[in-house]
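Next come the structures, one after another.
Two complexes come next, and they have one chain in common, chain A, joined by chain B in the first and chain C in the second.
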Partner chain A sequence: MKKKSILFTVPAFLIYTVLMIIPIAGAFLLSFTDWNGISAAYNTVGFKNYVDMLSDERLRNAIFVTLKITAVVAVTVNVLGLFIAMLLNRAKRLTNVFRSIFFLPYVLSTVAISFIWLAILSYTGVLNSLLEMFGMGNLAADYIGNAKNAIRSICVIEIWRMLGFHMVLYLASIQTVPRELYEACIMDGGNRWQQFRYITIPMIIPGITISVIMSIMTEMKQYDIVKVITNGGPGYSTETVTYNIVTQAFGNNMLGYSSAIAVFLFLIIAAVSILQLQLSKKLEVS
Partner chain B sequence: MKKKLVSMLLCMAMAATMITGCGDKKAGDDAADTADQSVQSTQTETAKPQETAAKEESSGDDITLTWAVFETDNYTAEVWQHIIDAFESDNPGIKIEKVLMTGDSRPQFLKTMLSAGNMPDINIDPVDLASTEGVYAEVPEELLAKYEDSSVVSFDGKKTLVPAYKAYRTQVYYNKAQFADAGITETPKTWDEFTAVCDKLQAKGYTPLMGVGASDLWATAFGYWTGVVNSELYSAYPNFNRDILDGKLSWTDKVLSDTLKSWQSLTKYYHKGSMSFSNTQATSEFMSGSAAMFMDGAWSAPTIDNSTEYSADDFGTFMMPTPSGAKTYCTMPQYWGVAETCKNKEAAFKFCEYVLGGNPDIYKYYLQADGTFSVTKTPVTYDMGPVQTEFIKNLEGYELVPEAMKLVGDDAFPTGFEDYTLKSLQNIFTGADVDKELSTWDAEMQRLGAQK
Partner chain C sequence: MNMKNRKTSASSIILKIFLVILAVIFATPLYITLINIFKSTKEISSSPMSFPLPPILDNIIKVIKNPNVNLGEMYFNSLCITIFGALICILVSALAGYYLARMKSKLSQGIYIYFLLGLMVPYAIVYVPLVSIFKGIGLVGNLPGLIMVFVSGSISFSVFMYQGFIKSTPVELEEAAIIDGAGQLKIFTAVIFPLVKPCTTTVAIFIGLSMWNDFLTPLLIGQIKTITVGIYTAIGPYASDWGSVFAYVMFATLPIVIAYLLAQRQFIEGLTAGALKG
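What follows is the complex of A and B.
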């Protein structure tokens, strides 16, 4: 019986192997070569690509930008997502309507929404035009062309896009918390904050873990919004690690080097995720 | 414990999605396949071209060729379709299928297609990949004989590009009404006159210069680089590219540094939203009067001449003065390439020949669309609008020099270097220290050059 059940996993395993394991293994192998992505010939260069990464200032900047976006977006979508989920949990009849509204940006094409935001944030775009219309023209700013504003704009767009997804994750978690626990807390004189702190949070730790890990992973891989809105600019100010990987691979014909950066990013994400899992395990209640 | 292990494995799997894109299974096998194919197809083509053609014709099936094109305000879908329709009607049995090169970087698009094994048969803008062995097929000598000798280029002795046209680069387009209102009666001839014009316009409440930024990375420095920097560099060093490549000159050179500092001194005259405009937006903003001047490419001349919204008589153009008084201009040669992986190279070259001079009406139509000029030994000309006519007239008395970043062939800078400099120039435009930025260029060029 056990042997037969294993057979059911074979199709999934094969698909996963062809689409994931082989390319991953390929990337690991490529990271030790100087392949340009075009020619038939390439040389094995050992750890040279990894050593070169240490002195790559452009990559260092991309890591810093990625971490900045990840920190801002991950914290905001998780805190706001949980807050809105708490509110929606009480909204009763309108829960589904609001849930759909908040979730909508997540299901739209990222490239399409990026172009919409481009029309909003451009200097002569919707936002500045509205400010001018309401007599606040002095507040008009360059949201894309100024380095500081550009990274803020990327964060705002990403928060807007991802918030609904994380809100739904939290809402699903909250709805699994048994009502009796809240009733017991009220009977013992617990206030709203105490209900949240001592019942909701401990009971939704698995949900928090998934949401935080997902948000970190998504932001560490940020590419499409940056590509459309700023193209990594002005200069390198919004260039993320994934943008850097694509540029090295297809702009500079350095597929070996870009694979090394991708492996490095993989290790960072894996390490952060494992750390987060360990931490969550300690906080989880059975 | 088991649960923990499963969670960790799932986590690793999710993180692993990060690198799946880079693990191209073609690394070894397909690259070798491509090489094999290229050898085979070259042999087929050079040894038995007539036989191949006979096979193509006798098969009775239509040949379908894919053609990578891009769309702009001038090169619209209608332009490409007109060319395709004309060719197909004159060459029954050959079908052309358009592949639209999306995104801001056409070389990157083509490289992605090549890596994925979907390289279009005929490419516009193939220069970036042309130096890589085995990407493009060698062009038949009898076809190359139809073009000006100066337009034919080779890479390590191999001629893989079909000359398409030459495009004049930058001049300053200006709004005549705003100039007149600011009391400017003559276009500036010197750098000091130019800055005086900017001051006058600003004093009158006009924004002197329109700029470009946003995701159009190429366009931020385009006007100033091709109009001023290139002029200064080639006036000071007639063999600039070769000198740089041989290490006789450095990118930290004083001429370049000073010219870029002069650019920084102009930033106060630029439109505040410049860095958030795409090139199309900037052109539209300029034409609607948001700024009095716009340093832009020759393609803007037909855009203005053909505008149905604005009158071409409201705009003029002049050569951008340089700080040292250097009087040179440059042109960008453009090419087409036939992919080595193309199964019907003969038909592909037939299409190249047809559009690029074989049918003078179609060549004229192609050139006229973007205001470019013929490179065939028998020149093909067309009637120009008032702005384009003025553009060409302004070139009188100026010396033609190569465009450093667009030089094709053995004196070209390494792949990826231009993109690197464009990012750096955006930094400079937004206030970065010029010398600090330039200090990284030599090392980057060497790093990229080491990649064969």
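What follows is the complex of A and C.
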């Protein structure tokens, strides 16, 4: 085979290095400074930003909110996604129609769908109007006015957005399971639950791993919905980690400190992706 | 046997009913959006689920006529980003993917891993330094600058896809072209690029959609009014005029909904292909 010129990689290499790798390196460097983004002068402060993070109540809350959203959404979209995929797999001719309906929210912009839900869940919104209409006005609530309800609402929106995507992932996995295995199981007198438990689940373990890790990674970067629905409020009670980074950097001019938080998020996400690589390698072998 | 059949068909009817109910619940927010575009805000709160009779166009006209909202500009910016961003990214990534798929040296493997690093980066880490750099050299608000930022953010995924796809294509076709005296670039444009068309479709849908829908990047780095940033600023943080909110949502999503309806299979397969390969 003839040798290929390395020049082929140069355009992609340059764009990627200048606009992606250098900024990441910049964030690492900035995280050791107290730069405010405005003055030219800054001091190197060593690990001070990282130490400060430990006692930052606001950041702790943001981490807690992010983990809560991640846990609720990841569990729901995966359990429900697999369940609906199992049903759809048996729906035959209708499979594609349902698949298209469930998948539609995923292709719309998160900002747009957040506004749809804002109009539904606001105090003067559609849901409360409906309750009023059916004479259940006393059940009307402010679904985004306090932190507890707002986080629940954010989870509902995110589940609605992501469910179709995970369902399609599971549907694709399920369809790769050879029919003969089911036939063998039926011959041995296996009922539907046993087929699911002893054939489907073991055969789609790689698909489950990918889907679970993808949902975790998506939710850990959550920003858009929070921005539209609550703006982080009331106070900063519904801030996620990414929201916290952006506000600390561009709202409070703490570029050094926000870089430290960004590095922290980067390390966690990198760890999750490495875990994913290891797991999928292991699963491929077995 | 007969009884078993009856049992199966009964359970299959229950299954279908259940799926239909689920699909209806799922589609309700979209139905609410669609019908309420054509109602006054007062009507929305008095009968939010009813069909708009007669439909009114006030919300749409209000959005179009709003002097602070330039829909043409928003569409222009979003279209430029999506089309040029995707084109440039596809071109540079396919070229790089070609080299990385065909060369088996240590160097090529090193470059490949270097490109993949971007897949595990939360983009939030890039914003702070990048905004500072853009401010420093006066690129804030510069559309080509923002397009290149989008390209850089999609290169990892695209290189990954092209490397994998080109690796699985037979080398024999290229060898025939070499015998005909074609140069490396000629082989790429005449043999490889047409051959990887399915991969290009997948990549184009995946990165094009993410560019069209992105919110934070144009908000922070470009401060450019794309359709997402545009409707966000137009609606503002204290929205209560739900009629116009629904109209804005329609303007932001209509091009995507049309594209989706025309090419559902490609969209669904394109957007999940990357995940399943990974």
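Methods note: the second predicted complex is superposed on the first by the 247 of 286 C-alpha atoms of A that agree within 3 Å, B and C clash if a C-alpha of one lies under 4 Å from a C-alpha of the other, contacts with A are read in each partner's own complex, and residues count from 1 in each chain.
Operating definition for what follows: a residue touches a chain if its C-beta (ideal position, glycine included) is under 8 Å from a C-beta of that chain, and two chains touch if they have at least 3 such contacts.
Predicted model only: the values in this text are computed from it and were never measured.
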Partner chain(s) touched by A:102 [first = chain B, second = chain C, both, neither]: second
Which superposed partner A:253 touches (first chain B, second chain C, both, neither): first
Partner chain in contact with A:44 - chain B first, chain C second, else both or neither: neither
First (chain B), second (chain C), both or neither touched by A:281: first
Chain B versus chain C as contact partner of A:133, first or second or both or neither: second
Chain B versus chain C as contact partner of A:6, first or second or both or neither: second
Partner chain in contact with A:121 - chain B first, chain C second, else both or neither: first
First (chain B), second (chain C), both or neither touched by A:30: both
Dominant toucher of chain A (residue count), chain B or chain C: C
Partner chain(s) touched by A:143 [first = chain B, second = chain C, both, neither]: first
Touching both chain C and chain B, counted on chain A across the two superposed complexes: 19-20, 22-24, 26-27, 30, 37, 118, 122, 124-125, 220-221, 227-228, 231, 242, 245, 249-250, 255, 258-259, 262-263, 265-266, 269-270, 273-274
Chain A to chain C touching residues, read off their complex: 1-6, 8-9, 11-13, 15-16, 18-24, 26-27, 30, 37, 84, 87-88, 90-91, 94, 96, 98-113, 115-120, 122, 124-126, 129-130, 133, 160, 163, 165, 168-169, 172, 207, 210-211, 214, 220-221, 223-224, 227-228, 231, 241-242, 245-246, 249-250, 255, 258-259, 262-263, 265-266, 269-270, 273-274, 276, 280
Chain C residues touching chain A - in the complex, by the definition given at the top: 12, 15-16, 18-19, 22-23, 26-27, 29-30, 32-33, 36, 44-49, 91-93, 95-96, 98-100, 102-103, 107, 111, 114-115, 117-133, 148-149, 151-153, 155-156, 159, 171, 174-175, 178, 184, 188, 209, 212-213, 215-216, 220, 227-228, 231-232, 235, 237, 239-240, 242, 245-246, 248-249, 252-253, 256-257, 260, 264, 267-268, 271-272, 275-276, 278
Residue ranges of chain A touching chain B (in the complex, touch as defined): 19-20, 22-30, 33-42, 57, 118, 121-125, 142-147, 213, 217, 220-221, 227-236, 242, 245, 247, 249-255, 258-259, 262-263, 265-266, 269-270, 273-274, 277, 281
Chain B - residues contacting chain A, complex: 4, 7-8, 11-25, 27, 31-32, 34-35, 104-105, 107-108, 111-112, 114-115, 129, 132-135, 213-217, 220, 271-277, 281, 285, 290, 415-416, 419, 423-424, 426-427, 429-430, 432, 440, 448, 451-452
